[in-house]
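Order of writing sets the chain letters: A, B, C and D. Residues in each chain are counted from 1.
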Amino acid sequence: MVNLTKLYAVGGQITRIVHEWCLTPIDTHLKRGFDKMENAWLIPLFPLLSFLLLLLIGKRLKEASAYVGILMTLASLVFSILVLLERFSEPTYLYRFDWLTIGEMHLTAGFEVNQLNALMLFIVSLVSFLVHTYSKGYMHGDERFHVFYAYLGLFTFAMLGLVISPNILQTYIFWELVGLGSFLLIGFYYYKEEAKAAAKKAFIMTRIGDVGLLIGMILLFWQTNSFEYSEIFKAVEAGAISNTMITLTAILIFIGAIGKSGQFPLHTWLPDAMEGPTPVSALIHAATMVAAGVYLVAALFPLFLASKTALMTVAVIGGFTAIFAASIGLVQTDIKRVLAYSTVSQLGYMMLALGSAGYVAGVFHLMTHAFFKALLFLAAGSVIHAVHTQNIEEMGGLWKKLKFTAPLFLIGTLAISGVPGLSGFFSKDEILVAAWEGGHPVLFLLALIAAFMTAFYMFRLFFMVFTGENRGKQTHVHESPSTMTLPMLLLGILAVVAGYVNTPWFGSFLGDWLTDGNPVLGHGHIEGPAWIMAAATIVSLAGILLAYLIYGKRSIAPDWLSGKGDMLHTVLYNKYYIDEFYQMTVVAFVTGFSYLLRFIDVFIVEGIIKGVTGIIQGLGKLGSKMQTGQVQTYGAVAFVGLAVLVVIYALTGGYLR
Amino acid sequence: MNLHAVLSLLVFSPLVGIIVLAILPKSQEIAIKAVGFLATLPPLALSLAVYAHYLAGKSLSDFSVSVPWIQFRGLQPDEPAYAVNYELAISGFQLLLVVLTSVVSTLAALGACRFIKKEWKGYFMLFLLLVTGMLGLFTAENMVLFFIFFEVTLIPTFFLIGKWGYFEKEKAAFSFLIYNGFGSAVLLIVIMILLAKTGTTNIVMLKEIIADPSVGLSADFKLGLFIALLIAFGVKLPIFPLHSWMLRVHVQAPPSVVMIHSGILLKIGAYGLIRFGMGIFPDQFKQLAVLLAILGVINLLYGAFLAFIQTDFKMVLAYSSISHMGIVLMGLAAMNEAGIQGAIFQVVSHGLISALLFFLVGVLYERTETSLIGNLGGLAKGMPLTAGFLLAAAMASLGLPGMSGFVSEFMAFLGLFKVEPWIAAVGSIGIIMTAVYLLRAVLGMTFGKAFRDFDGVLDLRGLELVPVLVLMLLIVLIGVYPSVLSSPLQATLETIMLGLGG
Amino acid sequence: MSSVPASAFLALALILFCIGLYGALTKRNTVIVLISIELMLNAVNINLVTFSKYGLSPSIDGQIFALFAMAVAAAEAAVGLAILMALYRNKKTVHIDEMNEMKH
Amino acid sequence: MTFSGEFFAFMALALVAIIGGVLLLNLNKVVHMVVALIFTFVSIAGIYILLSAEFVAAVQVLIYSGAITIIMLFGIMLTKPYDDSEAKTGKWRKILVFLGVVGFAFAVYLGIYHFDIQQVPTTLHEDNVLQIGKALYTKYIIPFEFVSVLLLAALIGAIILAKREDKEADKQ
């Protein structure tokens, strides 16, 4: 009964809020400026509404579906901005209600607006809005246009829900829903075998990570009796959990992050996920969902901080992934795959930052990366839209033809390469400092090399696509419509300026704000040696220079180190044969094991049954042989049986006595 | 209104439909279908009314009814009288199952209108009898009555499979009957022993008598009885290695029967284990908990791995049922609130999901005349709705949050991790495998290139959408707001936990 | 008072019954089987009549039962023999081990 | 124990009855068997008289010794030719049945041995026929009528069964 009243209460509250909000005159809204973080829960609901609406009537709306999606995400964006502004001055807001009762335990759901969440809300809703807008142009003419928008809405809902979850269970729920959105969008071109395989792979590989998260979460629950972040941190601080358990749960949860963020060894799905439409790659597989792993580690940062081993694991995996993916990116020829490996590598960077206790650095890079990588993907989408191929060897000399896209792409490339003055520079610098200060010189070195590689392959991409002569057969290359270029422009601006919220020069506003009230997260800015910045700059410029020499000016042959057909190139081009390795080990094992079980099922289980039925049939046949059809025999048998019973009865005086 | 009559009315109201059907001539196809469908509505309405009664905050014990039925004295004058009463009652747990049964029955009747192509009269008469049996056994308050209803479900199912099934229907029907007959024989023996030893078969009284040490049933004896119960219900659940009958039934029976079978009949095993195994023999249950957990994990993984290599989608679903029932076992073996609640959730959730999946398979089979994954493909083009719902149902089945499968799986694992973390960790491989085999199968059918041209086939339409939508809505409702299930369960859980001594 | 105890009659009936039973189960000629059955019936009649005299509450009922049994036995003998005739006409045998029409 | 005349009569009758039964089992010719049984039936009638059931004894002589035996003899005659050879495979069955019979007899004999009911003086021998008649036409009137129906049914049934079918008759 309690729950019903609660249901009424919650329902009533929702209606009351919506009702009040609707009834309030517009000017009051403006005056109040929507200054209530309490209403942050509305933010994810807009895209959900969009999803449901498009599911129901999308078919009729056709391409007008875009407006529903755009409008709804715009609403989310506006609210997110308001909430973010609000959060600058107000403390964290937390709302919870009982979601599920298990005996004495009450699992809650709700939402929380803390600094990280507010920031993520903004990033996600912004990128989502831009991608919604962009897709109107990109997906134009697709017969499943409305489905695409519906899926986008679903994904945005899940992602926004993920970032305002106050507890790890709710995070997990949206975590999986995000995976669903990603799955659906990767498989959007369902008729392509590659898309089908990629979607399946993405879902399953992230699911492997999710199981780790699930186990870690459950183990944590039994340690702290709560899924709430705050309770968990309290328990960690109080030392209520043994060290081993902290390490174990942290690593398990990190496995979840590995899956979602495409870290080694669960990274292989992310490049394959590029089978989805390009806006999807920008939204999900660059800016938001893949960053969820980083977000998760950041959200549970105090837990990780409590275990050196766990932190070290995060840092090592991150650092290794950064250089590992970057090295693969060096030789890929598919424009989106290069970006995908770059994403994996950058996510590795973020993990490295978090693993080196650089909370701010990680989150900061998450933000800047979201902007410039989304920009890069959208620009890449624009290129693909124009030339209808993804192979960079068939492109070239597009600078003149794509007057608008090309400079924006360049901005993104500069940002990701860490050229001073752009956003990527500051965040990357922050990470390098964190790694150095965190006492991981080896990882620092790795990160530096990865930065070099990043600059190199990104400019390799840039030069191959936009400079030189056209190697493709495209004749009708045109600039994209404004619905596509405008979002890119906005992202381009952000890719340039976003870095200035947290710089060693103009103050670390973002860092201070993020760590405000949470001393455990570390300081807003870690002072590092000045040479690190210089080193970073030199490294990235060197990378750009090398790329220019090889692909721009062509003064060095592309195969000066290792050409096509060489072992190194082959290994890199085939992504270190990781997929093949999995195919040969895990997949083969699972299949083999399944066939073994089938053998057991067919021969042993069924065999035993056949044996039993055989025995019974044999007995039956014996019995039917005894059936001679002679009444006298039957009578004799019946009588002898009776006689035996009677004699037994007479001798023993009967059973039960 | 006399509330005591409600349950009897609920249980026996489908019989009215049988009588009406008996009068109707065989050729009146539409009338027969209408009656068959309408006759499932009274139980649905009544069960919802009972649920509303519960929601209104009134006690469910208002509905209990107990009428003396069979009584006889022992041989010795000092022996107590043996009494078997006609006792129906409903608790929160039973209420859920009754609602589930009536909902799935109604939808299956609707499905039958489409899937059954011949002899509707006989079909619906047997079907309604089956409904009565299921409703009866979930509300029976004593074991003899339970057994009678149990048998009542057995016989109609046998004929429904054997007459209206696919190519190997006879074999499937016979395996069904033999396995379940074996199970029910074991059950009958247990019931008779309990009656002889205690003089009653009332479940509540039995619980007290068994727990009472002065009655003098030895621990070994009780353990034996419990193992017998485990076998009896293990056949039904089914627990590895007693599962092979169920595969045949799932493949050969008509879709509307499989909806009922997979949706509800399999749940009798879980119901029996919880109600009788756990309710009457808590100590023995505790003793074997680890074994049950291991069996559960074996079921889970065995089903999952085998589902991975099946070529027939129905077989995938059949093995998936085995796998999901493993989760029920695991949850029960955890013996804590989370685990048991998870098991019960899984019972309900799998009931809905598998009913939905088999309905969709029925639709697919009707349109394309195959359920082989290799022969399908690219269905999303020709049948976008079917493909979409198939995918959604698969997602629910693999435990996607926001749908009922997740809540149940999550709670079962939550419970088991507390007591047997290692076993649970091994079991969690099953979560991955579930995703693997379901996606392989469903994507194989809906995505990719079409094996042949499915342009001519029709998508879901008209009345076919009703079961799909209703089931989907329920699945999502439970997933989003699980309290609809969990709040009626609390009282039941408390009783069980009290019995378990913790 | 009789000097012959009731158990003597019962024992006699038992012996006759056993003889009849043995004959009915082993003899090959159907006529003899029928006659053996008549003998068993007779043994039962002896018991009935004995109990009518030496039972807990002696009464004429036992004798009446015996009479009824005889009537039924007579009917049985007549029908049995008729069946035997019909069988004989079809199969040209009266041997019971050749009558296995029930085996199917 | 006094050796009264009644005792001797019983012993003699019982002996004849049992000898008749044993001869039934052991004689080779079917006709002889039936004739041996007549002795048994007649002695049983005597036993009835000892048990103060004169009317039953009379009926016994009429029905068994008379009617049934004659019917059986007719049956034997009508089913000729037949061979009297015994079946070769029945040996084991004979032993088994014999053991069964002995066991059964033993068990029942135990019961008879423990049979101990006080004898009560009776008046069954006085106006025996009158008593039977009264009982038959009052208390047992309905069973009595049923028996008549039964006999009628048996009569008709026997006729129909034993009658030659028309086709067969035509052929011959």
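Keep in mind that, in the parts below, contacts are C-beta pairs under 8 Å (C-beta built on N, C-alpha and C of every residue); 3 or more make two chains touch, one makes a residue touch a chain.
Chains and their UniProt names: B = NADH-quinone oxidoreductase subunit M; C = NADH-quinone oxidoreductase subunit K; D = NADH-quinone oxidoreductase subunit J.
All figures in this text were calculated on a predicted structure; none of them were measured in a lab.
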item	value
Most widely separated chain from chain C, with each centre as the mean of CA atoms	A
Interface with more contacting C-beta pairs, comparing C-D to A-B	C-D
Between chain D and chain C, distance of the C-alpha-averaged centres to the nearest whole Å	5
Inter-chain centre distance, chain B versus chain D - centres from mean C-alpha coordinates, in Å	64
Chain centre separation in whole Å, for chain B relative to chain A (CA means)	36
Where chain A and chain D are represented by their mean Cα positions, the distance between them in whole Å	98
Multi-partner residues of chain D (each touching 2 or more other chains)	93, 97, 101, 104, 108
Sequence positions of chain C contacting 2 or more other chains	21, 25-26, 97
In chain B, residues with contacts to at least two other chains	none
Every chain pair in contact, whichever chains are involved	A-B, A-C, A-D, C-D
Parts of chain B lying in touch with chain A, wherever the complex brings them together	55, 57, 240-241, 243-244, 302, 305-306, 308-309, 336-338, 341, 378, 380-381, 395, 400-402, 406-407, 410-411, 413-414, 417-418, 421, 424-425, 428-429, 431-433, 435-436, 439-440, 443, 446-449, 481-483, 486-487, 490, 493-494, 497
Chain D - residues contacting chain A, complex	93, 96-97, 99-101, 103-104, 106-108, 110-111
Of all residues in chain C, those that touch chain D in their complex	1-4, 6-12, 14-16, 18-23, 25-29, 31-32, 34-36, 38-39, 42, 45-46, 49-50, 52-58, 60-61, 63-64, 66-68, 70-79, 81-86, 88-89, 93-95, 97
Complex interface listing, chain A residues touching chain D	633, 636, 639-640, 642-644, 646-647, 649-650
Of all residues in chain A, those that touch chain C in their complex	627-632, 635-636, 639
